[in-house]
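In the two complexes below, chain A is the common chain; its partner is chain B in one and chain C in the other.
Let's turn to the complex of A and B:
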């Protein structure tokens, strides 16, 4: 698979800041991957995504999106390939109806009306919000609002979706519907997902977890390997997985393996131990 | 202060033919100096319920008693200041309510509003910024230069500065990272141990199991369950009706039970779960 994002030796310091926000970061992301970016507040996660979207300009290093180097000339082209879903669903609405809102991005691109209506309907279909198209966005629940925000992004046919803690303000039900939707979209379309998150259960859905600390990449691996860090995960803004927390309380009395087991594996192990008794 | 709801109904559209009941005949006692969690799905009436405690909303029928004060449909908006000083409310995403040019002024606003002198309010700001785990250096900064987690702390310090006896928290940790969440929850636990009544609205059942003494479950404006978390999470009716989700430990125990483990009561914390497993495996 080819790389959709290729970052080489990126450095960035905010104006007047004493420390570098991004230090020598190199990162290749393949097409259709779902990558979680985790790290404590202030570790550089949001800065990195701002650099990728060209909202701020790196001091040194390079970013390539879909084979195209990010520069002043290419920035609009590249931005059209990236959609961002922000944290607060209330801060993303401009239209009086759901339909208007989804159309906003397309209108900006100067799409003819007829085609626009089709695209909007299609996008609302994809996020299962077609029945709500004439509603006022403010009357929707948090999860529904984020699905409309995703429809707005999908309508512009991006190749990369960046989720910037987009489920953190939702209730458990709303969070689940949004995550199910993203998973479904990734399976059906050729989308690459970059998700900034503190939610351990959200990282389980991704293929890869990149851990940032003080502007550097300190870990980069599949979820199971990262979860091996156990209680140390809290240093990186993630919760310890439940199975690992339980195992550390059981270890003194029961014979358990040293590595990470997911909940299913731990249950099987416990059942075997109980049967042997 | 003990808080009592007696047959409280709140209708959002009194004049519409289909009354939209935010609260439907709720009777509930919230004990003094306890840590009480209020849970229920979005739209179940949790926020409507707590907004009656400091009379931000008034009942359509029924009465609410807060210490010696009685709130009825007839209660007028005069003389509510003492009540609102005693009952502090931290809304969802409180950082959106910061507005002053410095952190110090923002925290001082509450006490001054309730009649404190400049010096008293300044002293309160210094004390509260430390209480929420931040350095006094932050007092002279603009609240808008802070990170999201820090803004949240400043907003909470602002509510605490009026020294309320009862503190109502509407999902105070939503959107914070796990370390930030733990720190904020520990802060509230500490305030509770210092003698404040804490009322917490949350979707996080692990926090309920770990921190709350008592809990109440809302569904469609009705109170459908209340009591100690251990008993409430073991109430089969609430679970069968999907009115309540379980903490992770109880879910894990349920799954283990499917494999053949036996739990007479579902454990609700990791420590309880681990000790149950040890007994059954050894």
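Let's turn to the complex of A and C:
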């Protein structure tokens, strides 16, 4: 499969900062994959997304999106291919009502009114928020606001969706609905998902996990391999997944297989443990 | 606080709601202007009848309009009392020091009172039936001719609508900051006026800082969604001037003519 994002030797230092935020990062991301980028605060993960969308300009290195190099000329083209869902649902809601907000990106493209109405309805349908069309943002829950933000991004039909800690301010229920929705959309809409998080439990639905630490890529593999690092993850400021932590504690008294099991698999193993004997 | 700033839009469904907000906006100002043409009992009664008719058409409970008087009730009473006791007259009914109560004073005071009621009722009618965003849209549309002199009309309109959108958010932010200060022992309701004003400085500064950071986040979000500079944008909300809006203007013209006929010269 072809690479939709191709980053080569990227470097970036914030103005007046002493240390580099991104150090020589190279990364290729394939189409229709869900890639999680994890790391603690200040590891450079949000900086990386801003660089990819051209919101800040790299000191050196190159970024290619869908075969097009990011430059001053191509920036608006590239931005139309990428949709970002940010962390705080309140700080990205531009419109006075749900439908106005979804239409914002389309208005920027100069789409005619009739077509906009169709696209807005379609996008709200996809995120199951059609019933809330005329509501104002203040009357929505955090999860609902993020779904509207996703609709706003979907309306412009991007190829890549970047979730910049989009679920970190949501309650567990809101987080689950948002993650399930993204998973569902990825399958149906041929989208590439780049999700940025510091919560390892959120990466379960992704196919690949990239661990950033102090601006460098320190691990890059499939989830099972990453989760297998177990306690080593704490070196990168990440929490060990709950099931992996539980397993390492149980290993002293129970016979458990090596390798990572998710919570459900572990549960299965545990209640079959006695029946085997 | 929230309700005070956001206008008091009341979701509803009636003819007045469906009128073009531009028409409503301009006609409200126009009406406030012609109120000053009334100068006798008949003309005031006529305008009162017109306003009550408009209130009736809006299908909104009269109580909401009376509530609109509340914030300025002291200003109204003060003005009315001033007229009542300080209108000079050759035939005072009652006289004490500089205070004079006369028939003329009573008439003028009641005119002033009615004038207040007319103006407040009609502007309340506008804010109750028009969302803030519709008002900002109409301002954009009304200011459009200024584009010719390079006035950034669309940008100003977007600014206005974003400002309206962020008022409740900033109110939340203020409450959060105040709670944080209270948790550290600040009492906002205590002390003299100076002390109370001083205790608001530690609120304003964090509020200032956080509104800048919200603005930064929003700017990034807008840019990521392809907002450039307001040029080449299409509009999702389109205002439609319809037949009923023409009718309203004609009706208003008729009201003006009748008013001119019955006022005394």
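Note that the second predicted complex is superposed on the first by the 262 of 277 C-alpha atoms of A that agree within 3 Å, B and C clash if a C-alpha of one lies under 4 Å from a C-alpha of the other, contacts with A are read in each partner's own complex, and residues count from 1 in each chain.
Keep this in mind: contacts are C-beta pairs under 8 Å (C-beta built on N, C-alpha and C of every residue); 3 or more make two chains touch, one makes a residue touch a chain.
In this text the structure is predicted, and so the values were computed from the model without any measurement.
After overlaying the two complexes on the shared chain, residue contacts for A:112 are found with chain C alone; chain B is out of touch.
Contacts of A:245 after superposition: chain B is touched, whereas chain C is not reached. Touch criterion not met for A:232: it reaches neither chain B nor chain C.
Residue contacts after overlaying the shared chain place A:95 against chain C, while chain B stays out of touching range. Contacts of A:125 after superposition: neither chain B nor chain C is touched. Applying the stated contact rule after C-alpha superposition, one finds that A:104 touches chain C and leaves chain B untouched. By the touch criterion defined above, A:174 lies against chain B but remains apart from chain C after alignment on the C-alpha atoms of chain A.
In the superposition on chain A, chain A positions 88 are in contact with chain B in one complex as well as with chain C in the other. Partner chain A is touched in their complex by these residues of chain C: 131-133, 161-162, 164-165, 168-169, 214, 217-218, 220-228, 232-238. Partner chain C is touched in their complex by these residues of chain A: 50, 53, 55, 76, 79-80, 82-84, 86, 88, 90-97, 99-100, 103-113, 116-117, 120, 137-138, 152-153, 156.
Across the interface of their complex, chain A is touched by residues 41-43, 93, 147-149, 174-180, 203, 245, 248-249, 252, 255-256, 259-261, 270-271, 273-274, 277-278, 280-282 of chain B. Across the complex, chain B is touched by residues 40-42, 87-88, 141-142, 165, 168-169, 171-174, 198, 200, 234, 237-239, 242, 245-246, 249-250, 253-254, 263, 267, 270-271, 273-274, 277 of chain A.
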